[in-house]
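Here the structure comes first, spelled out in structure tokens, and everything after it is commentary.
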Amino acid sequence: MAKLLVIYASDYGNTKKAAEVVAGGAKSVPGTEVVLLQAEKVKAEDALAADAIIVGSPVHMGSMDWRIKTFIDRVCGGLWMKDAMIGKVGAVFATGSGYGDTGGGAELTMLSMLNNFAELGMIIVPLPKNTPGYPKGGLQWGAYARSAGENLEQTGVSEDSLAAAKNHGANVARLAAALKGAKVFGG
Amino acid sequence: MAKLLVIYASDYGNTKKAAEVVAGGAKSVPGTEVVLLQAEKVKAEDALAADAIIVGSPVHMGSMDWRIKTFIDRVCGGLWMKDAMIGKVGAVFATGSGYGDTGGGAELTMLSMLNNFAELGMIIVPLPKNTPGYPKGGLQWGAYARSAGENLEQTGVSEDSLAAAKNHGANVARLAAALKGAKVFGG
Amino acid sequence: MAKLLVIYASDYGNTKKAAEVVAGGAKSVPGTEVVLLQAEKVKAEDALAADAIIVGSPVHMGSMDWRIKTFIDRVCGGLWMKDAMIGKVGAVFATGSGYGDTGGGAELTMLSMLNNFAELGMIIVPLPKNTPGYPKGGLQWGAYARSAGENLEQTGVSEDSLAAAKNHGANVARLAAALKGAKVFGG
Amino acid sequence: MAKLLVIYASDYGNTKKAAEVVAGGAKSVPGTEVVLLQAEKVKAEDALAADAIIVGSPVHMGSMDWRIKTFIDRVCGGLWMKDAMIGKVGAVFATGSGYGDTGGGAELTMLSMLNNFAELGMIIVPLPKNTPGYPKGGLQWGAYARSAGENLEQTGVSEDSLAAAKNHGANVARLAAALKGAKVFGG
């Protein structure tokens, strides 16, 4: 049985909704146990107990929300010192505004979160292009959902984005299960 | 008078069109001289003669076209060794497909091109959010134009994207003119 | 007269020291006024009053310190909405540990901070390779100083790194002065 | 039995040497079959036959060698269209000069190669901090070997870097074996 930890920060509820859908996708894989936590509430033992971690953030000025960054500095730095997360599985998702045709900052936001996983020695799960919802709600680094339109008006997140998010959660659950007990790193 | 060099690679003519519009925007600034070249044809002396360089590429698998990369390795590496480009102005633009809601790979493509300018010690011009065309055709790192739809069908580039591209060219021309003769770097 | 704002977060005093040296380099350019502030204390009016901003952060898990990120979310997001920073000058520096031969995470940390400047429409200043101190204390995106050795023991920052930092500050001051009154962006 | 494909481009033989050591590390895992190819010689069927791909490049101006980029555009683009690589394993390594304290461009070079794997839907293997050789020859995104000193003089790659490279190859082989037959992505 694989244990997943889904972590998020949310301003208007959009990233929270995406997080719930990611968690639901993970739970749809039989034998998966999922814990869903706001970034402020995550403790080191939550991360240690998980086989996989999925982190989601709003895009703020092209990088992750400060609460996600605070979680990383506060919790992940110490786990890095102890080599405590090596070989676990990591993935990300994000929400952002509709300004700019390209979800400005979405890629670099995801990347800055994935970099934390790379530092921790965690195996990274991208979002394949054939994932349901991807054409309108995906990005190579993870699920992405716009929550505002071109004039920055709130729109909520689309069904396509949520479909991608759900599948992303399930993919991570399956990888965590497949790697349960495997010894990948080190001699 | 500022001299601009616009460099591009193009598969279906979309990036070429964007390059022509960038060049046109630059020319619209009085006293600007613009040279437009395919990446394969650029020589070191073309770069040396320019006050500013704008490079545009299609997005291929999340990074720049191999012809742009070949130009960088073939021409820019040697200029880096000689510290020959320090203090000039650099900017980028890109075209990409419509797959994914976020122009997958657009940011990292632009960034990998900008990194070359950073290595060369060149001053980097972003695309401000209030640029005409930005809401549908801009990205913080430069002008971006989709040239295909969700099913990867060719669509051509939009007027919004071309408006952003034109303004981007003009911005670079104005910065190059403002810095003409300035001694920014070094003691 | 150009006004510079140097912003930093610091854990053990190394980034603070680098910030002071950056500020000193800026002040060495005649006619430059420099304000040095901890990230927590920066207000929107501080940013608005500056012609150039230089931000420095320790590298934490491959990205900026949470206090820098909090400043960006708290102060810069609102300035972005108002297009209030367009055309100002931005630059970054960082400190990091000695673990890994390559200053693991230094590039992506600097980049995540520069991305904020790009979103704000600010002109970006890299660190040229011929800068004094660069061979041992530079990086293309800005000045970088190691503050710990291979075993993560505190070492303080080197003279080379501080030389690069000082020159970086002076470069930014000169660019801000050269652009004073220039109208680069928009029609 | 897992099949690995190690791909490289090399100017002075340093990346070739690192590639051979990566391949040797992979072979040290019982039941692993390894093919080692120069980037120019890789065909689509080579990639299709592999369970995992490891790509290594010299750092050129902060991004991958043009021959690696040509391989990506020429071979990987078509495989992306066909969703043919989803669920395979990917990893990277790089060599670079000694200029700058931080292996300038190493991170962004590795990242631009990893982005190709993300686009292809491949599972990404980082280099954990406790890997032998990491303190002097590692980076979170993969093994990194300096091949030149501060004055850009050729030095060859260090034993530390080669130790990291060897372990990186073995890690990838073990992950590919652990995932053999697993169905991670999609419904």
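For reference, chains read A, B, C and D in written order, and residue numbers begin at 1 within each chain.
By definition in this document, a residue touches a chain if its C-beta (ideal position, glycine included) is under 8 Å from a C-beta of that chain, and two chains touch if they have at least 3 such contacts.
Predicted, not measured: the structure shown is a model, and the values here were computed from it.
Counting every residue number used by either copy at the subunit B-subunit C contact, over half are found in both chains.
The chain with its Cα centre farthest from the Cα centre of subunit A is B. Look at where the CA atoms of subunit B average out and do the same for subunit C: the two points lie 25 Å apart. One simple way to say how far apart two chains are is to compare their mean CA positions; for subunit C and subunit D this gives 32 Å. Here the spacing of subunit A and subunit C, counted between their Cα centres, is 29 Å.
Multi-chain contact residues of subunit D (touching two or more other chains) are listed as 62, 80, 104-105, 108, 111, 115, 118-120, 129, 140.
Against subunit B, the residues of subunit A that register as touching in their complex are 62, 99-108, 111, 129, 134-140, 144, 146, 150-151, 160-161.
Looking at the complex, you find that subunit D touches subunit B at residues 60-66, 69-70, 72-74, 76-77, 80-81, 104-105, 108, 111-112, 115-116, 118-120, 152.
Against subunit B, in their complex, subunit C makes its touches with residues 80, 83, 86-87, 111, 115, 117-131, 140-141, 167, 170-171, 174-175, 178-179, 182-187.
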